[in-house]
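Two complexes come next, and they have one chain in common, chain A, joined by chain B in the first and chain C in the second.
On to the complex of A and B.
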C-alpha cells in the first residue's frame, strides 16, 4: 500500500483521536482522568485565547475575566433560578462576547504593552467586582465567599455527575468543535484578514482590510468560547469563587501556555497545554507543599528560555520533526 | 476623463504645512509622476489620497466618489491601491499568503483568491518564490511582493511610492518594464520617484513639488526645462534666463 504525506497525516490524526476517545475505557483511575480534563481544559481556553492573542497579534492578559463571567452567569441562573447550565452556558457566552466587544472598542486602538496593560486592568477589575458584590437586588453574587453548587444527583440537564468521565467527554467534544472552528476560520477570508491585520495593520488596511472590525469579531469569538469554558469549570468543580475563576494567575497561565506552544498557530496552544500542564501538576503535587507557587516560577523560566531560543514557540521544532517523520514513513512505504 | 482629482489639498502638522494647496489630476490609463526633493511632501500627499492621513482641508475625488474622509480600507475597496516606501510585508507568511490577502478584496472564496494571487505572482515573475516566507526575501523581491499584493486587489489606480529606491540599475530596468506592463493592462499609475531619468522615461505627465507646493506640471520635457524645478533641484545659479 502506498500513502501520500497528506494521507499519513490524516491517518495519524484519526488514530490519535481514537486513542483520546478510548482513554477513559482503559484508564479507570479518576485522578488520572482528572489530569486529562485539566490538560484539555487548558488546551481549550488557550485555543480560545489564540483568536486574539495569536491571530490578531495583540496580547490579552485578562481572559480569566471571561471565564468568570461565564461561570457566574450560568451558576447564578442555575442555583437561583433553576435554569439548566446548558442554557446558562449560552447566556454566559453571549454576555461575555458583548463585554468583549465593549472592551475591544477602546483597547484595540492601543499598541503592544499598552493593550496588555489595559486587559490586565479589565481582568482585575472584573475579579474585584465579583469579590466585593454580595448582592445585586435579589441576585446573590456571593462576594468573596463564592457560590457553591449543590449536588443533586447525576443528570445531563443539570450538568452534574459524580464520575469524571462525562466531564472528560464534554471537554473533549468542546475542544474538537473549537479546533474545527479555528481550522475553518484560518482557511477563510476572515482568517487571512485577521492575520494580516495582526502582522501589519497599516499594510492590511491598504489592501482593503477593515482591521478593527476583524479584531472585534475575533474578540467576540474568543470571549464567547472562553466563557463557555467558565460554565464547564463551574459544573466540573461545583464551586466558584472570584479567586479561582477570575485570577490574574489564570489569565497569565492561559497566555503563557499559548505563547510557549506557539501563538498564532493552531497546534501551538495544544502542544503548550500538553507539555506544560502535566509538568505544572507534577511540580505542584511534589513540590507544592515545600515551595508553593514554584510551578509558576518554572513556567516563567520556560517562557524566558522559549522566547530566547524559539520565539515562534515549541510548535516550530516539533512540527519540523513531525514532518520529517511523515516523510520517512512515505519513503519506507514506497521501498 | 479624470479618474483621480484633488482640489486644494492642505495638510498641516501643527505649525508645519507639509502639503499646500495641491491641485492634482490623473486621467484614466495615464502614468503620472510626482517628483521633488526629500521632504517636499510627496509621501504626505500620497498618504492623504490613500486615506492614511486625513487632509486638513480640500477635496479628493476618485472615480466619482468623494473619498476625502474615507478610511484606507474603504479606499482600497473602491479600487485605489498603494505601495509603501518602506515595504511592509506580512513577514511571517509566505509570498502567496501575502498576495492572497490582497486578492480577497474581490471574492469571499479562498480558492478564487488563491487563483488570482497565483496569477498576479506569475505576472510579476516571482512565481518560484511563492512558498518563501516574506522575511526571507531580498529587497528587490520584497518591492515586487509589495507591488504584487497591491495589484492583487485588481485596482483601477495604483499609487507607487518609490518602488525603485535601493534597486540596482538592471533591477530598475526590470521594474520599469513591469510598471509599463501593468499600465498596458489598463491600470492608471501615479508614481513617486527620486531618480529623475527613471520617472522621465516612464511618465506621460509629471508634477514637481517643493516645500509642499506644486511648482510645475506638464510633460517630462516641459518640467525638466521649468525654471522653478531647476531652481529647486540645482539652485538659483543654474537657471538660464
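On to the complex of A and C.
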C-alpha cells in the first residue's frame, strides 16, 4: 500500500484527534485532566489572539479584558437572573465584539508600539473598572472581591459539573471549532486581505483592499471568541475576580504563547501552549516552593531566545522536522 | 490642597525622571523599552542593598548604582536587543524589539523574586524623612531632594546631548541613522550607550525613590504603565515633554486623590492616556509623523 504525503498527514491528524478524544477514557486522574484543560484553554485563547496579533500584524496586549467581559457578563446573568451560562456566553461574546470594534476603530490607526500601549491601557482600564465598581443599581458586580458562582448540582443547562471530564470535552470542541474557523478564514479572501494589510497597509490599500474593515472584523472575531473563553473559565473555576480574569499578566501570557509558538500561523498558538503550559505547571509544582517565579523567569528567557534565534516561533523548526518525517514515511512505504 | 499640589509636583518630577530614560531610548532607538520598570526595580534593589550593607545614605549609593544600571543596560542592549534590532531593520513595525524587552522585564522581575522574595522592603533614613515647611506647606525632605536631583539630572542630560561629542553623535543617530553611520558614527555603539544612559537614569530614580517608597520584585509594573502614559502625554522622544508629562501625572494623582478614591484616579489616568493616543498621539511636545 502506498500513501502520498497528504494522506499520511491526514492519517496522523486523525490519529492525534482520536488520541485526544480518548485521553479522559484512559487517564482517570482529575489533576492530569485539569492540566490538559489548562493547556487547551490557552491554545484556544492564543488562537483567538492570533486573529489580530498574528494575521493583522499588530501587537494586542490587553486581551484579558475580553476574557473579563465574557466572564462577568455570563456570571452576572447566571448568578442574579438565573439565565443559563450558554446564553450568557453568547451575550458576552456579542458585547465583547462590539467593545472590540469600538476600541478597534481608533486604535487601528496607531502603529507598532502605540497600538500595544493603547491595548495595555484598555486592558488595565477594564480591570480597574471591574475592581472599582461594587454595584450598578441592583446589579452586584462584586468589586475587587469578585463573584463566587455557587455549585448547584451537575447540569448541562447550568454549565456545572464536579467531574473535570465534561469541561475537557467542551474546551476541546471549542478549540476544534475555532481552529476550523481559522483554517477556513485563512484560505478565504478575507484571510489574504488581512495578512496583506498586516504586512504592508499602504501597499494593500493601494491595491484596493479595505484594510481597516478587515482589521475590524478580525478584532470583532478575536474579541467574540476570547469572551466565550471567559465564560468557560468562570464556569470551570466557579470564581471570578478582576485580578484573575482581567490581569495584565494574563494578557501578556496569551501574547507570549502565540509569539513563542509562531504568530500568524495556525499551528503556532497550539505548539506554544503545548510547550509552555506544562513546562510552567511542572516548574511551579515541583520548584515553585523553593524558587517562586522560576516558571515566569523561564518564560521570559524562552521569549528572548526565540526572538533572537527563531523570530517566527518554534513552529518553523518543528514543521520542518515534521515534513521530513512525513517524507521518510513515504519512502519507507514505497520500498 | 496646597500640600497635595506640592506633593504632586515633587512626586511628578521623579516620575518625570524615570520617563526621561524611556523617552531618550525611544528618541534614539525608536523602541519602547518595556523593561524600564524592571530597571527601576533593579535600581531600587541595588540602592536598598547598598544602604543595608554599608549603613550609609541612599544618595551615596548613586556612586555604585549608576554604573551598575548603566552597564546592565549597555550589555543587555548589546547582547539581547541588538540581534533582534538588526534582523528587524527593514521591518516597518518593529514589534520584535518590544517583545524582547518584555521578556527581559519578566526575567529581571522574577530573578529578583527568586533572589530576594516577594516581601515589601523599606529603609528608614531619619535624616531625610522629616517634613520640611516650604511657604507653610509641608513635604518630606526626601521628596524635595528627589525633586532637585530629578531636575538636575534632566538638565545635565539635556546639556550632555546638546554640547558633548557623544551627545551630538547620539542626536545625529536619532535624526538619521544611515547618515550618521556614513559620518563614521558606530550606530550600535551609540545604541548601547543610549540604552545604558536610559537605564542609569532609572537607577538614579531608584535611589531617589527608596527613602519614601517600598521595594519589591514587581514594583516596576505600576511605574512602567505610569511611564508609558507620561511619555506619550509629553510626546515620545521629547525630554522636556517627559518632565512636563511627569508633573501633570503627579498632580492628577495627588490632587485627584483629594476628591476621588485613588483607584478611580488610576482609571482617570488611563482614560486620559487613551484620549491622547486617539486624538493627538504626538503628545504635547512630540514631533508629528510616525505613530
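Note that in this section the second predicted complex is superposed on the first by the 335 of 335 C-alpha atoms of A that agree within 3 Å, B and C clash if a C-alpha of one lies under 4 Å from a C-alpha of the other, contacts with A are read in each partner's own complex, and residues count from 1 in each chain.
Here, a residue touches a chain if its C-beta (ideal position, glycine included) is under 8 Å from a C-beta of that chain, and two chains touch if they have at least 3 such contacts.
Small disclaimer: the values here were computed from a predicted structure and weren't measured.
Asker: In the superposed arrangement, which partner chain does A:209 touch: chain B (first), chain C (second), both, or neither?
Answerer: In the superposed model, A:209 contacts chain B only, not chain C.
Asker: By the touch definition at the top of the document, which applies to A:125: first (chain B), second (chain C), both, or neither?
Answerer: Only chain C is touched by A:125; chain B is not.
Asker: For A:12, using the defined touch cut-off, is the partner it touches chain B, chain C, both, or neither? Pick first, second, both or neither.
Answerer: neither
Asker: Quick one: is A:38 in contact with chain B, with chain C, with both, or with neither? Answer first, second, both or neither.
Answerer: neither
Asker: One more residue to check, A:200. First (chain B), second (chain C), both or neither?
Answerer: Both chain B and chain C are touched by A:200.
Asker: Pick one for A:192: touches chain B only (first), chain C only (second), both, or neither.
Answerer: first
Asker: Of the two partners chain B and chain C, which one touches more residues belonging to chain A?
Answerer: C
Asker: For A:181, is the partner it touches chain B (first), chain C (second), both, or none of the two (neither)?
Answerer: Neither partner.
Asker: Do any residues of chain A touch both chain B and chain C, and if so, which are they?
Answerer: On chain A, the residues that contact chain B in one structure and chain C in the other are 200.
Asker: Spell out the residues on chain C that touch chain A in their complex, using ranges where they run on.
Answerer: Touching chain A: residues 26, 31-32, 80, 83-84, 87-88, 92-96, 98-100, 102-107, 109-111, 113-114, 117-118, 217, 221, 225, 228-229, 232, 261, 263-264, 266-267, 270-271, 273-274, 277-278, 281, 290-291 of chain C.
Asker: What residues on chain B touch chain A, complex-wise?
Answerer: 50, 52, 71-73, 76-77, 81-82, 84, 88-93, 97, 100-102, 104-105, 107-110, 113, 149-150, 152-153
Asker: Under the touch definition given earlier, write down the residues of chain A that touch chain B in their complex.
Answerer: The touching residues are 187-189, 192-193, 195-196, 199-200, 202-211, 264, 312.
Asker: Chain C touches which residues of chain A in the complex?
Answerer: 57-59, 106-107, 109-114, 116-118, 120-122, 124-125, 128-129, 131-132, 200, 248, 252, 255-256, 259, 291-294, 296-297, 299-304, 307-308, 311
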